[in-house]
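Only one structure is covered here, and it is reproduced in the block below.
Labels run A, B, C and D following the written order; every chain starts at residue 1.
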Amino acid sequence: MKRWDLRRVLPMIIAPIAALVLAALVSSAALLISGKDPLEAFSAMFDYAFGPNSGPDVTTEILNKATPYYLAALAVAIGFRMGLFNIGVDGQSRLGILAAGALGAASFLGVVPGPLRVVIMIIVAMAVGAAWAAVAALLKVYRGVSEVISTIMLNFIGGAIFAYLLTTERLGVKAVGGEIVSTPLLKSDSWIPGMSLFAGTANKMFGFAFVAIACGIAYWFLVGRTRFGFDLRATGLNPSAAVASGVSPKRMVIATMLLSGGVAGLVALPEVLGRDHAVTTSTPALGFTGIAIALLGRNNPVGIALAALLWAFLDVSNLPLDLLDIPKEIVTIMQGVTVLAVVVAYELAARVGRRQQQRSVGAATGEAAIVTLGIPAAIAAKLGVEAVSAPVEPPDSTAPTDPTVPGKHREEQS
Amino acid sequence: MPADAVPSSAGGPPAVELRGITKRFPGVVANHDVFLSVSGGTIHAIVGENGAGKSTLMKILYGMQRPDDGEIFIGGSPITIHSPQQAIRAGIGMVHQHFMLADNFTVLENVVLGAEDEAGIGAGARKKIQQLSSQYGLGVDPDELMEDLGVGDRQRVEILKVLYRGAKIVILDEPTAVLVPQEVDELFGNLRELTREGLTVIFISHKLDEVLSVADAITVIRRGTTVATVDPKSVTARDLATLMVGSELPSPEARESTVTDIPVLTINGLTVSTPAGRALVDDVSFTIHKGEVVGIAGVEGNGQAELVEAIMGTRAARGSVQLDGNAIGGWGTRQRREAGVGYIPEDRQRHGLLLDAPLWENRMLGHQTEPPNAKGPLLDIAGARRDTEQIVAQYDVRTPSIDVTAGALSGGNQQKLIVGREMSHIPKVLIAAHPTRGVDVGAQAAIWEHIREARRAGMGVLLISADLDELIGLSDSLKVIYRGRLVADADPDTVTPEELGLAMTGAAAGSSREESA
Amino acid sequence: GDNGGGATPTATKKTVKVGLAYDIGGRGDKSFNDAAAAGLEKAKTDLNIEANELEAGATETEQDKYNRLKLLCQGGFNPVIAVGFVYAGVDPANGPVAKAAADCPNTKFAIIDSVVDKPNVASLVFAEEQGSYLVGAAAALKSTTGRIGFVGGCKVDLIAKFEAGYIAGAKAAKPDIKVDVNYLSTPADRCSGFNDPAKGKTAAEGLYDAGADVVYQAAGGSGVGVFQAAKAKGKKAIGVDSDQYNTVDPALKDVIITSMLKRVDTAVFDFVKSMGEDKFAAGVQVFDLKKEGVGYSTTGGFVDDIKTQLDDYKAKIIAGTITVPTKP
Amino acid sequence: MTADTVLASTPGGMPAAPVKARRLSTPVILLLVAAGLLAFSAVRVITGADDITSSGAVRAALASAVPIGLAGLGGLWSERAGVVNIGLEGMMILGTWGGAWGALTFGAWGGIIAGAVAGALGGLLHAVATVTFNVDHIVSGVAITILAFGLARFLSSLTFANMAGGGDTQSPNVPDLPRISLPGVSALDGVESKHWFLVSDMAGILRGLLTDVSVLTLIAIALVPLTFYLLWRTSFGLRLRSCGENPQAAETLGVNVYRYKYYGVVVSGALAGLGGAFLSMVASSIYREGQTAGRGYIGLATMIFGNWRPGGLAAGAVLFGYTDALQLRRGSESVHALLLLIAVILLAVGVWQIVRGTRIAGLVSIALAAPVAVWYFTTDQIPVEFVQAVPYVTTLVVLALASQRLRPPAADGQPYRRGGG
C-alpha cells in the first residue's frame, strides 16, 4: 500500500459527491411534493450565481460569504482535531468583534496609523475571543464541566454582555436616519480594501480573505507539521495514549480552546473591516454553520474551504427562488441533508478503506503464515497425531485478499 | 441447576460437536475447517497461540460470530446459532476473555440482564442468585456495585451469570489470565463441581501446566485449524507448546548477570492515594541499577498500574523519584520521557497507539519531541518515516507498508512496533508493563531477547508481568506488591512460580521465603 | 412569496411592477410585515399592479439585503419597497438601500422606518411615539387599578420609542399611574422575543399579577401571548401596528381595547399609488398623527367613552403643544 | 532498597471501599426545603419582590420548566442507551410544527400525538445515523438540528401558509388543551394576596402548582416517575441502560443492543417533540418559527445537571424554569431581590464551611457574599440584558460546582458495533 493509494483515496473523494447528489435528490423530492420543478430551481440558482447578468457580483459575494464561514469552521475544526467541541464560536466571535470594533473606532487611538489600528483590532478580537473560550477551558480542566454545555451557556451569557455594551448608553451609536445601533464607524484608513475579481464588478472581494487563507495555511502547518499539532491530533485520536506519550491534557485543552477562541474572534472581522466598518447587534451567528462546514470539510483546511464555498453558494444563490415562488427552505434542507449524508458517506468510505488495509495486511502476513505451517514430523510421530492436522492450503488462506470473495466480513454482519 | 438433563460422558453423542467450521475475516482466516468434539460432563481445554482462532471458534459456538461454513451439533442434533440468545436457549453459556460487566450496575443487575424471564429483576432474582452462589460456593453478594469488586469476584460473577441461565455447556475463554494460582485453584474447584453436576466445560488457556492439571481432554489449534486432540495424561507442556507453534521451541537462554552498582532509577517512599485518601501505592521504595531488570509480581489491581503511572508522571504521587541522579518527581510525563524513560504500556491499544494513524505516526508517539521525529518545534516527517522503516525491518513487524494504520496490524505486530519504538530511543530505564501479553510465542521470545540485549547495554528495566515464568526468567531481582506495598523480595534464581503466587496473595507475608535482593 | 398575477386592471394609467422586500419574520407575522402586505394587497385589488415579495432570512448580512433589493430592481421591479430599518443598514448613507439606489438610478425605492437620503429613495417613517402616547392615555384612563404594563419584544431603540410615548401618554392622563415595563429579549439572543409567544404570555401574566389591568404590547409575533394572558386573566390589552382586533383569533378579540396603528399599509399603498400616477417624491415622509400615519383604533367600541379625551390629546400633539418623547 | 523493606505486615481488613456519592436522606431533604422556603419568604418580605413566591411565578416556572424538562428526559432516554443527543433542539423544532399541525388538523389531542411523532421521526433519523451508520453522535445531532429548521419552515409553507391566519413562519391559533385545577386550592388566593410571612408564600406555591394546570403539564410531570419506573424497575429499562453502560456485555447476554438503542433514541425524539408541542400548543397556542430558542440545549444541560437521573433532571428543569420565569416577570426587580438571597446563601455556606473546618473555602464564600450584597444595596434594578442571562449563569455555576460528582453512562457517546467486542 503506497502512501497515496488510490484505493484508499478514491472512496474519500466519491463520498462527498455521493452525499451531494443525495442531498440534491432529497430537495428535489421536496420540491416535487410542493409542485415545483426542481430543475427550474437549480438552474435559477446557478444562473444567479454564475450567469452573465448577476454572475460576477454574486460570485464575488459567494467568496465573501465563505470567508467568515471558513474562519468559523477553522475555529471549530481546531477543537475537533483534539476531540473538543467548541460550540461557543458564536459568543467568542461576538465579544471579540465588539472589543475590536469599539477599540478600532475609539478616539484615543485616533493618532495611531490606520494599518496599525487594523493590527490592533485583529489582536484584540483574537485575544477577547480566546479569553471567552478560556472560561470554558478552565471550567473543563478544573471543574470537569463538559465544554459542549458550557460553551452553549457562554454563548447566551456572552450575548448578554454584548447586548448590554452595544447600546447607545455605552459603546453604541446610531447613524442619522438609521435605527441600527452599532459601534462608531471606523475611519477609512483602517478599512481593509477589497479587490475586484472580475472586470467591472461593483462587488469587491474582501481583502481579509487573504488573512483567512493565511489562517488556513497556518492551521494546516500547525496541525500537520508541528509537535504541538501532533499532540493535538494524538489527543483527538486517543486521549489516553496521548497522555501516556507526554501530552498534558489540561494544557492541551486550554491551548486548543484558546486557539479556537482566537480564530473565532476573527470570524466577523472580514465583514466589519471590509464592508460594514462598524459592529452591529445583528452580527450573524456562525457557530453552528461553522460546525457544519468543518464537518463537511473533514476538518481539512482545503476541504473546509470547499465546504464553505458550497455553503455560501447555497446561501447566496437561493435568493431568486422567491421570485419564482419556490420555497427557498429547500436550501436549508439541502444543507442539513448534505451534512448528514456526507458524514454517513465518509463513515462508509472509511470502512471500505479500513477493510482494504486489513486485506493488504492479511496478504502481506498470510504468506509468512503458510511457511510455518505443518507439524514437525518428529513431534507428530511421537504423539501419533496427524488425523486432523492437514495444513491449510495456500489458496484458501489468501482467499480473503481477493476482493471478489464474498466472505462474511465483520462490516457486513450488522 | 439441571444436573439431570445432561448426556453422560461415555457412550452417548458428544455434548458439543463442531464440524468443518470456517470463518474468514478481511485478510485473515480465523478458523479453517475446524473439528471439535467435546464429551458431556468433562472439562475440555483448547490451547493455541495468540490469534490461533480460539476465541473466534468459541464466539461462533456462542452465536456471536457466524461461521462461513461448517455445522454445529449439540447433544448430537444439528443446530444453527445466530445469536447469543439462541446459544443461551441451547444451554450454552460463555465467560469471555475480557470481563463483560457493567461497572455501574449491581451484581444482580449484571446477572439478570438478558435473563429477566428467569426470576424477574427483583426479590425473586436476588433469592435465586443467593441460592446459586451458596450451591457452588461462589460467595457473591447480589447487591454490591460491580466497580467495588476485585478480579476474582468478577470472575465468579461471570460464572454466576452463566449458571443463572441454566447453561449445561460452559465456555470459559482464558479465565485464569488475571488470577493468582490460589484463585486459579479455587476456580478449578468450582469447575470440577460443575462437571460433577453434569455440566460440560470448555476452557481456553495459555497456561499449559494448568491445562494439563485440570482438563480431561485438550485440543490444540494452530493458525485457525485444529491440529490435534490429545489426552493430558500422555503429553508434557513442552509437547503441547511444540504442537501449538509447529516447531521446536528455542530453549531458554542461560542467564548471565549484567547488573552494575550504578543506580539509574531510585524510588523512595512513593505513595499514590485516591481522592478519598486511600493509598493505592503505599510508601514504595526500590532502586534499579544499570543493567538490572527489577520484576514486580502481584495480582492485578494491587497498585502496579498506579505505580507505573506515578513513575511515568501521569498520576499524582508523593515521594521521590530519581533518574540518573535527577529528582524527576516534579516533572511532567514528557520531560521524563525525554530524560530517558521508555514505556511499554500495559494496554497497548489504549495507551500505546493511535489505531487510526499510520505506523510512522505511531512511531513518533511518545517521542514526538525527539529526533528523528522532530527538529525544534517542527516535526521531521521524513526522519520519522525512515526510522519507522528501520524498526519494521529490525523488529519483524509484519506489515505491507508503514502507511497502513496501526489498527490494521495484529496485536503481536502492534506490540513489536511499540517495543521497537521505545528501544530505538535507547532509554536509560524501560518501564515495561506486560510486554508480551497477548503476543505469540515466537514474538515473545524476540521481545525478551531485545530486552536482554538492551539490559546488557546498561539499560535498567522495571518489569511488570502477570506471567510468572516471564518474571522469573527475565528479572535480576523480584519484588512482590500487595495492596500497594512491596511486601516481599524474591530471588529469581531460586523462587518457584508457586511460591511467588503464594506471596502475591499476601498469605506469605513475613514467611521465610523472602530473600534480600 | 406571492405571484401577484391577479391584478385587476382599474383606472390607473400604467401597470406598475412592485417589488417588496420584507423584514425578518415576513408575511404572516400579524403585525409589522403583515401591515405592509395589507397595503400591497389593497394596491393589487385597487390599482393596476403586479407584485413580487421577497422574504428575509433569519441570519443575514447587510449584503444579503442589498442583493435582494438589487435582484428586484434588476428584475425590472419599480418601485422597490424595503420594509424595515434593517434595509437602511448601519450607515444609511451607505447601506443596502443607498447602494441599490445608486446601482439602479432609474428605479424608485421606498424604505420604511429609516431615512435614506438619495434622489430616488422615499423614506417613510412613523411617529410611533405619538400613537403610543394616545394608547398610553387610553390605558391609563381605562385602568381601574392605577397600574398598567408594557411588553416590548426586544430591548432596542425602536421599541423604546413605543415605550416612551406610552408612558408619557399614561402619565399625562393620570399622573400617578404606575407603568411596569417588561422586555422579552435583547439583541443578546438576536431578539428572539419577537418570535416567542410563550414569553409574551409569561411576561404579561407577571404584569397582570402585579396589578396591571391593561398591557400594551410591541412584541411582534410574541404579542399574541400577551392577548392570551389577558384573556386568561380577564384583563385588557392593547395591540400594535395593525388593528389587531381584526387580525387576531376571534376568541381573543374582546381583550383588545384598542391598537396603536402604524399605517404601514397606508404608507405602502399611497406610495404605490403615487408611482402609478408618476408622482414619486424623494425624501422623508413622516407619517405622524397629522398625516394619519399613526393613530389608535376604535374597533370593538371599548374606547368610545374616552374618545373625546384621546382626540383632545391628538389635537394637541398635532398642534405641537404636546411634544412626545422618543426615549423613556 | 534493602531486605528490611520486605515486610511491612499487611494492614488489616479489606481496603476501604471507594467513597460513594452521598445520597441525602428524606429528613435532610425536607429540612433543606423548609430552610429554603424560609429564606425565600424572608427575602420576599424584606425586598417586597412579591413575585419570587407568587402563584403566577410558580405557574410560569412550571410552564417554563416543562418543555426543558421534556427535552431533558429525551436526553436521558437517549444517553442511557449510550447515544448522545445534541439534536434535541431539532427534534423539538419538529415537535413544535407537529404539535400545531396535528392540533389544527385532528384537534388538541391529535397535536400531542403528532408532536411526539414528529420528534420521534427526528429521533429515528438520529438513530439511523448514529446506531446503524456509527456517525459521530454530536455530528449527527448538529446536522439534524439544521435539517429540522429547514424542514419545519418548508412544512409550514406547505401547511400553515394556506390556512387563514397562518403564514410561512407561523400557524393560526392552535386549539387549547384542557386545564385542570384542584378544587378548593383556588380559595387560597385570599391568603396569598395578604403577603404574610411564610403563609402567603406557601399559598402562592400551592396555588401555582395545583390550579389551572394544563393536562400536558400533568403528562409531562407524570413522565418523570414513569421514566424512572421504566428505566430502573423493568427489565426493558435494565436492557436499555445496559446499552449505555456496556453494550458488549449486553450483547453477549443476548440483548439486541441496536434495538434498544433505537428504542432509546426514538423515545428521546418523541419526548423532545412533546416538549416542542408543549411550546406551540400550551405555552403559546401558536406555532412560530424559532420558538424553541435553544431550549433543547438547555434540556441537555438539565440532564447533565441532574446526573442522568430523572429526579435530578426535574430539579434542574424547575430551577431553570424558575429563574427563567422570574426574569420574564418584571425580572429587573425580582432578580434584584434574588441578589439578597444569594448573598445570604453564600454567607450561610461560608459559615457552615468554616464550622466544618474548611476555612479557606468558607472565607471565599463570605468574601463573595460581600460584593453581591453591595450590589443589592446600591442598585434598584438589574439591567435587562443581565437579567436574561440569569438562567444560563445559574446553570453554569451549578454545573461548575457539581460536575465532578456526575457520572454519565460509561459507554455514553461511544460507537458500538455488533461483534466488535
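Everything below uses one rule, namely that contacts are C-beta pairs under 8 Å (C-beta built on N, C-alpha and C of every residue); 3 or more make two chains touch, one makes a residue touch a chain.
Please read all numbers here as calculations on a predicted model, not as lab measurements.
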Most heavily contacting chain pair (counted by C-beta pairs in contact): A-B
Whole-Å gap separating chain A and chain C, where each centre is the average of the chain's CA atoms: 40
Cα-centroid distance, chain C relative to chain D, in whole angstrom: 37
Centre distance in Å when chain A and chain D are each reduced to the mean of their C-alpha atoms: 30
Shared-contact residues (touching 2 or more other chains) in chain A: 156, 159-161, 163-164, 410, 413
Contacts with 2+ other chains: residues of chain B: 65
Junction residues of chain D, two or more chains touched: 168, 294, 385, 388-389, 419
Chain pairs that touch, as defined at the top of this document: A-B, A-C, A-D, B-D, C-D
Partner chain A, residues of chain B touching it in the complex: 23-29, 32-33, 35, 65-66, 68, 222-230, 234-235, 239, 242-243, 246-248, 312, 314, 332-338, 343, 345, 350-357, 361, 364-369, 374, 377-379, 381, 398-401, 403-405, 407-410, 413
Residue numbers on chain C that touch chain A, as the complex places them: 1-3, 52-55, 59-64, 67-68, 70-71, 74-75, 85-86, 88-93, 95, 103, 113-117, 123, 155-158, 186-190
Residue ranges of chain C in contact with chain D within the complex: 25-30, 34, 55, 58, 155, 180, 182-186, 188-189, 192, 195-203, 205-210, 221-222, 224-225, 228, 232, 247, 249, 251-252
In the complex, chain A residues that touch chain C: 48, 53-54, 57-58, 61, 64-65, 156, 159-164, 166, 168, 174-182, 185, 202, 271, 275-278, 280-282, 284-286, 316, 319-320, 322-323, 325
In the complex, chain A residues that touch chain B: 1-3, 5, 224-231, 233-234, 237-238, 240-248, 354-355, 357-366, 368-369, 372-376, 379, 382-383, 385, 387-392, 396-397, 399-401, 405, 407-411, 413
